[in-house]
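Across the two complexes that follow, subunit A remains constant while its partner is subunit B and subsequently subunit C.
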Partner chain A sequence: MNVREQLTGYLFILPAVTLIAVFGIFPIGYAFYMSMRRWRVVDRGFVGLANYEKALGDWMGALLFAAGFVILLVAYMVWDGLSRNRESNPWLRRGLPWLLVAISLVSIVTGWNRMQAAGDPRFLNTLPVTFYYAIGSVPVQLIVSLVLAYILFQKIRGQEVFRMIFFLPYVTPVIATALVFRTIFSPRETSIANRFLTFIGMDPQKWLFEPRPFLEVMFGIKLQGFLAGPSMALVAIIAFGVWTFVGYNTVIFLAGLGNIPKEVYEAAEIDGANQWQLFRHITVPLLSPVTFYLSLIGIIGTFKAFNHIFVMQEPSARGTVVTTSVFIYNTFFKAAQFGYATTAAILLLGIILFLTFVQTKIFGERVFYG
Partner chain B sequence: MADTAQSMETIRGKSIPVARTPGPPLSRTVAYAIMYAILILGAIVAMLPFFWMLSASLMTYGETATRKWLPSVPQFANYVEAWTEANFSKYFMNSVIITATTVAGQLTTSILAAYAFARIRFKGRELIFGILLSTMMIPAMVTMIPNFIVIRGDIIPLPGGTWLNTLQGITVPYMASVFSIFLLRQFFAQIPWELWDAARIDGANHLRFLIQIVLPMSKAPIFTVFIFAFIGAWNDFLWPLLVTTKDTWRPLMVGLWTFATEAGPETQLMMAGAVIAIIPIVILYFLTQKQYTEGIATSGLKG
Partner chain C sequence: MTGKRIWMVAILLMAALVLTACPQAAPAQPSGEQPAAEQPAKEEAKEEMAAEEAPAEEAMEGEKEGMMSWEDVDPTGQEITFWHQHSRAREEALQQIVADFNANNEWGITVNAEYQGGYGDIFNKMLNVLNTPDAPNLVVAYQNQAATYQLADALVDMNPLVNSPKWGLSEDELNDFFPAFLKADVFPTFGGARLGWPPNRSMEVMYYNEEWLAELGYDGPPTTPDQFKEMACKAAQQPFSKATAEGSIGYELSIDASRFASWTFAFGGDVFDYEANQYAYNSPEAIAAMEFIQSLFNDGCATVVAERYGDQTDFGNGVTLFTVGSSSGLPFYRGAVEEGANFAWNVDALPHVTPDPVMNLYGASISIPKTTPEKELAAWLFLKYFTSPDVQATWVKASNYFPVRKSVAENLSDYFEENPQYAKAFGLLPYAKTEPPVPGYDFVRDLVREAMAAIADGADIQSTLDQLNQEANDILADQLAQ
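Coming up: the complex of A and B.
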């Protein structure tokens, strides 16, 4: 290694590294700094952890809540480890993971109740909203895109055209398409969503303007608290999310299907397996790493999602569509509480780091084709 | 039935290796019919919002509130009105300049950095690259607020005081991209070292080797990075929303959003604006969809 060579190297990376350091790394540290200050438009001085206390309410509660999720991860790892080891006691193998899951649920629920009693309801409420959004959109978009990819993979005529059509919603600017969805799910009786409802014989709905839970409005099922589920407005936003991301998932699934060796199918066909058995016992298990990847990317993505939720939120839907990201924006830009907004952002960062850790943990242990 | 029996026969007789068992022709036809039905249903759902966007953009204001699917007389004047009176021409030009500046900057910094990370040995190379990679998972919500304060000119003194409502304020934070560096580095690393040895004997330095040998060889990956950067810059919303308070540099997406919130019920004009906003992306996508989807598939799978 000579000096000249080294200098050239540093010179080449200098522009990119400077920009990333200033706009990508420095802000993380600065956000920590801001989150410990009272900062409304201008800095008003150090307040310690007061902003965090305001958001979370109760330290013990927050700790129990977070610990619950860690225990859940441990339960998965124990289950994974024990199921590999065939020598282990079957009672232990089945019982221990379930015991851990039960402990984690108790811990999460206790922690949550303690936090709710003392914390900021506007912030805390964003967690179940984001959770509903993730649970409502990710499984649906995975199933739909798996089916579409599987069909497209059958060397069907027009494969390219279909793939192109499914992918188009993902590339087009979100602001433009979300504005279109705002008219599709508008409360007007003549909006497209309501035309569809009247067509199948149901009453028109208020959609994006409706804060009541989907289950209650559509099926009359009234549940309390967390179990009540997403609001009608959030369901409309979920529909947009699914519509946008199915194409992306389909493309990744198609690539995954292409990686499965043809010989496996041929061997199974010779053994007399039918199409369903091929799908169930070869395609699904061999695609499971891709499915895991897409589901975790999808869940992390829902915590980062902002643009379409921001465009589709209506004041009459109240807090039922405000995810953590939208809350951070509102606190920062509308309420001008810079310090408190960065506190929420740091908490969001914690959640995303945890999910990323889960992702690498699960992928690190699973061999491809696992 | 006859078909199945026949293929069983071939297996038992161990003649030529059996290809796919075709199955009875009738159930095969039914299976294909179902598969096409699902695909066509999916395509309808995927395209319906675009159809509605286009159709509503040609309606009169009254028609958008009815049950009509198509305008009785296409109102092309909507586009003229959106382009001139709703200021979309201004927003469009702003978006063109912002996208061109961002993409040019991002390609330059990324090519240089990717080349160094792939082909120049210097101390701390892997460490620096690892740190850069780890920033990819940081959500924009975390960096947004400090960046806003930086661009407003509160932390570091900026030339011209504040960068709010300026071209540099919108573009400079996006002029480097870890994702682009990552993609290009993968490709640059595969270029044979013999080429570099030969070039060095001819007296070339890294910069000349990069420009004269590496770049012409790397048209495909650079093009992929170009498409990603273009779509990213054109579709970007949150950052320009924060740093523009006037029309001077407001891009199309922010303009569309402010128009939709301020003009309220003028659905047909909003739809015309939306069509204007998506046209460049749709054209680019149709021209390059092969590279683009392949880029998504490979980078997505590698995570």
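Coming up: the complex of A and C.
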């Protein structure tokens, strides 16, 4: 390729690069700059990493916590590498990964406890809430939308109508629908959610006003710590998130289903495969690029989710629905702590980048592109 | 493949088990949502209100020597922008006032009044335009919001304007303002600067169902917390005969920092110690107030408002006997009652343990962001017009707010007659007191809401309020630190 061709190429990408640089890279860089400063309405000077220290509390704790997850990832990669090599020492193949897992767990627990002891509990508490929200939303969205897409892909009457109906929640303004869901999950005994519970013989619940864990309220299972799970209020918000994005995922899955060659199904049917086997051994693997894409943007989206959580949150939920994004907003606009808010935003960005990397590393390798 | 899956599941399980040791996302104290129709305001005590006749110049404290002279500034031909939150009928009335000013003012000043969303929206927008050419020339702001703007030295101190021989107000005119209203916009934390000018005010009052009270055997509203509790608990057991919806509630509490302040005032305390310049959320009076609230919940006599303005709806349907809310909500309550169970109702002071009632007065003022002297002066001249007696009379009738001038009140007898609840609330103004005008109060209000919710749910009051007070003071210290 000669210089002229190269210049032409650069010229073509120049508009996109400029836009991304101005509206993507620069804001991130500027946010990082703000996070290093004491900025309350006006810039009051450089403070280095003080804002980060305020959020995380203890550098060693933060390092141990982050290192724990990195070691966990390394453990997986070591196991993956050794398991491919059948000639490797079986003790090494099984023992080394488990040893790494044990080290990572000790590191995570120690780091977290140190951060909790010295960091900002309001910020740190948002991390498990955000994690609950993501883990509670994305897998359910994917499973439900895959099933719906598979059903819609069959030649059923009114397919287009159903497709539109499922897509409607995604295109409806989120504030309006979130307000409707507030009514559905109102603590009144006459709310739709409580009428349903009453109908199936259960007691009415406080839903968005309930800070107790879902497992405890609904099933009487009292677990401690992280395993206690999301609050009842957060589960109601997760339900809204699932409802909103199922339609979008379904449409993407439908597009993926349309790309699977019919010949593959026909060949399998000739070999005697039943419907379940067709779904399990043909549809699921050949949809894996779509599933991977949706899970990737799903995790990123849920970690950044804000609007409907902000609308549906109630003080009675007492912080159990405050995700990191909501915390950032409150810190920026209500406390006017611009520097500290951007610090939280940068930390959230780091978490999202790490999760994206892990997803790409672990699940990306399993994607079957045909 | 199967082995890999098992491996992955094992890792996830182990990670989950480890994290079991990590503290749960505790139902602690974080943040919440923004205000309702009305937020609170500022400082100062009922003495000022009680001493209505005291010379208003006393309220003009903070006037300092060496301030800018406005005498030579010429506002002729200026075009200024006014950011406000009024919508519907209030906006129409405001636009008419603005149009009249634009048509008749002798300097050819043109005001453009722009609706910019609610108080929170305006606050968020202002943070982005402080000290820039995009800032408006007039902006609606609660006192705590004005204090936040002033952290960036972004507002005009109006003291010299008010006292200017050429552009200011005469002694008689100043004496016509309710002193407490004027004093509310003077900020001790900013050297006594006057950062706002009050166009109107409202107040937290107790709404009650008169007919239901009569059915319960009472001939008047409660004046003490004990009476309030007795009536509320009785109402929870004995539904209103004309109720148009299911349920029977004694008191429906909307969880809000202003409710916290109102009940603390009623118990003889304050949420802020003005001498120490510190929050006082764990004062004995605040604790007593919250013990009272918690006892209402423990005895099944109160519930939390389930949705925004749900208390108004329930009140209108005859489902709840008492609510506490802003007097600016009077038209909405009236509408709810007329559309609902249609009964006799009224407002009164919150039940109190003090000899006299102590009422929570609030309302946004209008601030002048720093721009050019000519535009700042033009903005002040519009404010002066807006608070002139005739304009105030028009504004009060359209908005249902309280006027800021005594002479206006004296001419509202017809309006009082048509709106007896308004008249009743207006009569409580001498007992008014305000919430703290300090930066960061918006954030603190969220903390208060969560603490209040926790208390309603049965949390330990002392430790909850101790933690709240600590966090609130930490925020205040951070805001005021240079």
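The rule is short, and it goes like this: the second predicted complex is superposed on the first by the 294 of 370 C-alpha atoms of A that agree within 3 Å, B and C clash if a C-alpha of one lies under 4 Å from a C-alpha of the other, contacts with A are read in each partner's own complex, and residues count from 1 in each chain.
Simple rule for what comes next: a contact is a pair of C-beta atoms (placed from the backbone, for glycine too) under 8 Å apart; a residue touches a chain by one contact, two chains touch by 3 or more.
These numbers were taken from a predicted model, which means no experiment stands behind them.
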item: Combined model on subunit A: subunit C and subunit B, fit or clash; value: clash
item: Partner chain in contact with A:P121 - subunit B first, subunit C second, else both or neither; value: second
item: Contacts of A:V322 with subunit B and subunit C, given as first, second, both or neither; value: second
item: First, second, both or neither for A:I175, with subunit B first and subunit C second; value: first
item: Touched partner set for A:L348, first subunit B, second subunit C, both or neither; value: first
item: First, second, both or neither for A:T183, with subunit B first and subunit C second; value: both
item: A:V41 touches, of subunit B and subunit C: first, second, both or neither?; value: second
item: First, second, both or neither for A:N89, with subunit B first and subunit C second; value: neither
item: In the superposition, subunit B vs subunit C on subunit A residues touched; value: B
item: Partner chain(s) touched by A:Q277 [first = subunit B, second = subunit C, both, neither]; value: neither
item: Location of subunit C clashes with subunit B - one stretch out of 2-10, 56-64 or 110-118; value: 110-118
item: Residues of subunit A contacting subunit B in one complex and subunit C in the other; value: 182-183, 188, 190, 310, 333
item: Interfacial residue positions of subunit C with respect to subunit A in the complex; value: 3-4, 7-8, 10-11, 14-34, 120, 123-124, 127, 130, 148-149, 151-153, 246, 255, 304, 306-307, 439-440, 442-443, 446, 449-450, 452-454, 456-457, 475, 478-479, 482
item: Subunit B residues within the subunit A interface of the complex; value: 11, 18, 20-21, 31-32, 35-36, 38-39, 42-43, 45-50, 52-53, 56, 64-67, 108-110, 112-113, 115-117, 120-123, 125, 128, 131-132, 135, 137-150, 155, 172-173, 175-176, 178, 181, 205-207, 231, 234-235, 237-238, 242, 253, 256-257, 260, 267, 270-271, 273-275, 277-278, 281-282, 285-286, 289, 292-293, 296-298, 300-301, 303
item: Subunit B contact footprint on subunit A (complex, rising order); value: 1, 5-6, 8-10, 12-13, 15-17, 19-20, 22-28, 30-31, 34, 144, 147-148, 151-152, 154, 156, 158, 162-169, 171-177, 179-184, 188, 190, 192, 195, 243, 246-248, 251-252, 254-256, 269-270, 275, 290, 293, 297, 300, 303-304, 306-307, 310-311, 324-325, 328-329, 332-333, 338, 341-342, 345-346, 348-349, 352-353, 356, 363
item: Of all residues in subunit A, those that touch subunit C in their complex; value: 40-42, 44, 72, 75-76, 79-80, 83, 97, 101, 105, 108-109, 112-113, 116, 121-122, 125-126, 128-129, 132, 182-183, 186-188, 190-191, 209, 211-213, 223-228, 230-231, 310, 313-320, 322, 326-327, 330-331, 333-337, 362
